[in-house]
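Below you'll find a set of structures to go through.
What follows is a pair of complexes built around subunit A, which joins subunit B in one and subunit C in the other.
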Partner chain A sequence: MVSMRKKTILVACGTGIATSTVVTEKILEAAKKENLDVNIIQCKVSEIKSYAEDADFIVTTTILKDSFGKKSINALPLITGIGEEQVLKEIIEEIKK
Partner chain B sequence: MSIIKYILDLGATVMLPIIIFLLALILGEKPGRAFRSALTIGIGFVGINLVIGLLVNNLGPAAQAMVEHMGVHLNVIDVGWPASAAIAFASKVGAFVIPIGLLVNIIMLATRLTKTVNVDLWNYWHFAFTGALVTAATGSLTWGLVAAAINAAIVLLLADWTAKMVQDFYGLPGISLPHGFSAAYVPIAIPLNKLIDKIPVINKIEADTDTINKRFGIFGEPIVIGLILGVVLGILAKYDVKGILNLGISMAAVMLLLPRMVRILMEGLIPISEAAKAFMQKRFQGREFYIGLDSAIAVGHPAAIATALVLVPITILLAIILPGNHVLPFGDLATIPFMVVMVVPVTKGNVFRSILIGTIVIGVGLWIATNVAPLFTQVAAEAAFKFPTGATEISSICDGANPLTWVILQIMRLF
Partner chain C sequence: MKLTEFFHKELIVTNLQANNKEEVFEVLFNKLLENGYVKESFLEGIMTREKNFPTGLLLNGNNVAIPHTDPEHVLKPAIAVATLSKPVVFKNMANPQEDVNVNIVFMIALNAAHSQVELLQRLVEMIQNENLLEEILKAKGGDEVVKIIESYQTLEKE
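Let's look at the complex of A and B:
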């Protein structure tokens, strides 16, 4: 087992509750399957500025204008169910980095 | 029938978990996961109840003191959408809203009346809310259920109608937004936007999104809004320094905690929501359809954010100066993006126009929210949410100020 620093993911949506909870649950489930431990901060898109500093990368279901220098992944497919696997794979790869 | 009545009378924290458990089983969920999900929903209700108590017990007396000292009659507390959603789901109509919403959607898809597959089960609460108000006004559960079904149908039509505009403006192919709150403002925004076209000078004004987002950024942080409002209300209520600071922190706490509690509800709802999504997509695949999602996916757009930020101080000002308004804006100051998210594409992203239209609908909305406050409070009390008796009434902007909800309520009242 390669020792990895525990990654912090910022999951943002319009409410910080609705779609981001769905995404958070799916990331946690996918990470658990891979035996990965992650930290997730859920927030509103207008709060990203305040939390971005603590995050390794950003996952969002909404339109992101400024990702404050962090990599961002659009997780809308996790909500629509179309292209879900692809996005989860991308997120897992990012956690493993 | 008496078994159904018995379950409905158990109270939301017991009734809803039972219904969710059964519904999850019907949709093909494993019993273990269904049980966990049902229990989680019950826990969410308990949590929301605690935080509403914190809000009303702190803000209620402050609002009363402010009425006495300042003569500003803002004694109806805006509990915000998290509380409104919980109250709606906890109502008797709420118990049936998921099957009803799905049924309306399936019938309309089968008869090709809609192209939208509404997989956003969470936001079925808007339909439950309308239904709950109708039931409270008419005393009839049946009329409440009919109202919820009508609301669900109208919102699907609005989603279809606005789909192209939303897809083009926000760059969301294949998606529509059957959102009970956001979509309700489109039929108002379109004529208002046409009216603005005809007014010289005003029709040329543009506002700079970046500047607004920088200057008004603070209004996008709910905990800061909570703190500031708490402190200001404490001062207006003539509290001592200790009281003022305590109210500030308590209100910041409510802004953070209430949505957190709703998140627990959401978590409980996910397995059902996923099962329903799979069911609907399997049935209607191959046809051209839109996937109906929460308008939350679009509120990140800079023009929507900028519009909503400016509307926060405008809402507070309107609440103070509008004669006949009794609503003290609080919980839903963080919900304004949802009010404007489908207005912004109507104005083609013109922030100035969106603010103008937003100001009008919020002004009218405050009257509507004042008007429904007694019914709102009654529904909340029946759903077993705790209130200090007598003194305080509650309402909200989302959906207490929702024009579509109000129109359906007024029409159903005639029967």
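Let's look at the complex of A and C:
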């Protein structure tokens, strides 16, 4: 079996403690269901710059002005529940890349 | 964890008449401050955070805002709640250019991120439950709101 490289996801929100915590848990849960192992770095949007280099992609709950050359996915649907499944699918696909 | 550990009747204001979100912030901040949950600096933290990263959430029906700020302004974790007699304009977390008319404000005082994972998860489930929001909006007084959340919590466990 070909094993994928373990991906690192940067999960960010305004304060780095509230919505990003919920998003992190939902990603971990979804990844576990797919038997995927991931690293997650949780931070404030203002700290993305210092972590972006180590990340494969970025997930945020706010609009991101600069994603430092990384793909970014808006995960606010994981908070509002509107369009949640589709976003989780997109994140899982990105982990599998 | 019990949700009701974080919701206290003295931190809940129902049918609040406010002209803007700043007025809501002040009322809820004063409740949190008087009851020893946050420091004086909390209000400014909330205002700054809201300006840079708004917390209005566009939902299916009643919209909610979840103002919060850095843990250094917080003494004890709690959630203060205001139901509004008429909606107040917030900016959308998804798009700071967009207005959201908010009916219920959950002001979250968190003093650490990871110890409160479950609380945050449960709060997110709550705001996604339109029937529950509708009930909270109809409640008269903090006692009733706490009771509604208590019965919701019991239901969830079954």
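Heads up, the rule we're going with is that the second predicted complex is superposed on the first by the 96 of 97 C-alpha atoms of A that agree within 3 Å, B and C clash if a C-alpha of one lies under 4 Å from a C-alpha of the other, contacts with A are read in each partner's own complex, and residues count from 1 in each chain.
The definition used in the following text is that a residue touches a chain if its C-beta (ideal position, glycine included) is under 8 Å from a C-beta of that chain, and two chains touch if they have at least 3 such contacts.
Note that the structure is a prediction, hence the values are computed from the model and not measured.
Undergrad: Taking the superposition as given, does A:Lys33 touch the first partner, subunit B, the second, subunit C, both, or neither?
TA: The answer is neither, since A:Lys33 touches no partner chain.
Undergrad: On the A-aligned overlay, A:Glu25 touches which partner chain: subunit B = first, subunit C = second, or both, or neither?
TA: both
Undergrad: Is A:Ile79 touching the first partner subunit B, the second partner subunit C, both, or neither of them?
TA: A:Ile79: touches subunit B and subunit C.
Undergrad: Contact-wise, after the overlay, does A:Ile17 reach subunit B, subunit C, both or neither (first, second, both, neither)?
TA: In the superposed model, A:Ile17 contacts both subunit B and subunit C.
Undergrad: Answer with first, second, both or neither: which of subunit B and subunit C does A:Lys65 touch in the superposed model?
TA: first
Undergrad: Which partner, once the models are overlaid, touches more of subunit A's residues, subunit C or subunit B?
TA: Subunit A has more residues touched by B than by the other partner.
Undergrad: Using the superposition on chain A described above, determine whether A:Ser50 touches subunit B (first), subunit C (second), both, or neither.
TA: First partner only.
Undergrad: Name the residues of subunit A shared by its contacts with subunit B and its contacts with subunit C.
TA: Dual-contact residues (subunit A): 13-19, 21-22, 25, 42, 45, 61-63, 76, 79-82.
Undergrad: Could you please specify the touching residues of subunit B with respect to subunit A in the complex?
TA: Spelled out, the residues of subunit B in touch with subunit A are 82, 119, 122-123, 170-172, 174-175, 217, 220-222, 259-260, 262-263, 266-267, 270, 273, 277-278, 281, 291, 293-302, 305, 309, 334, 337-338, 341.
Undergrad: Considering only the defined contacts, which subunit A positions touch subunit C in the complex?
TA: Those residues of subunit A that touch subunit C are 13-19, 21-22, 25, 42, 45, 61-63, 74, 76, 79-82.
Undergrad: Any idea which subunit C residues touch subunit A in the complex?
TA: Those in contact with subunit A are residues 49, 52-53, 55, 57-60, 66, 68-71, 93-96, 108, 110, 112-114, 116-117, 120-121, 124, 127-128.
Undergrad: What residues on subunit A touch subunit B, complex-wise?
TA: 12-19, 21-22, 25, 42, 44-47, 49-50, 60-65, 76, 79-82
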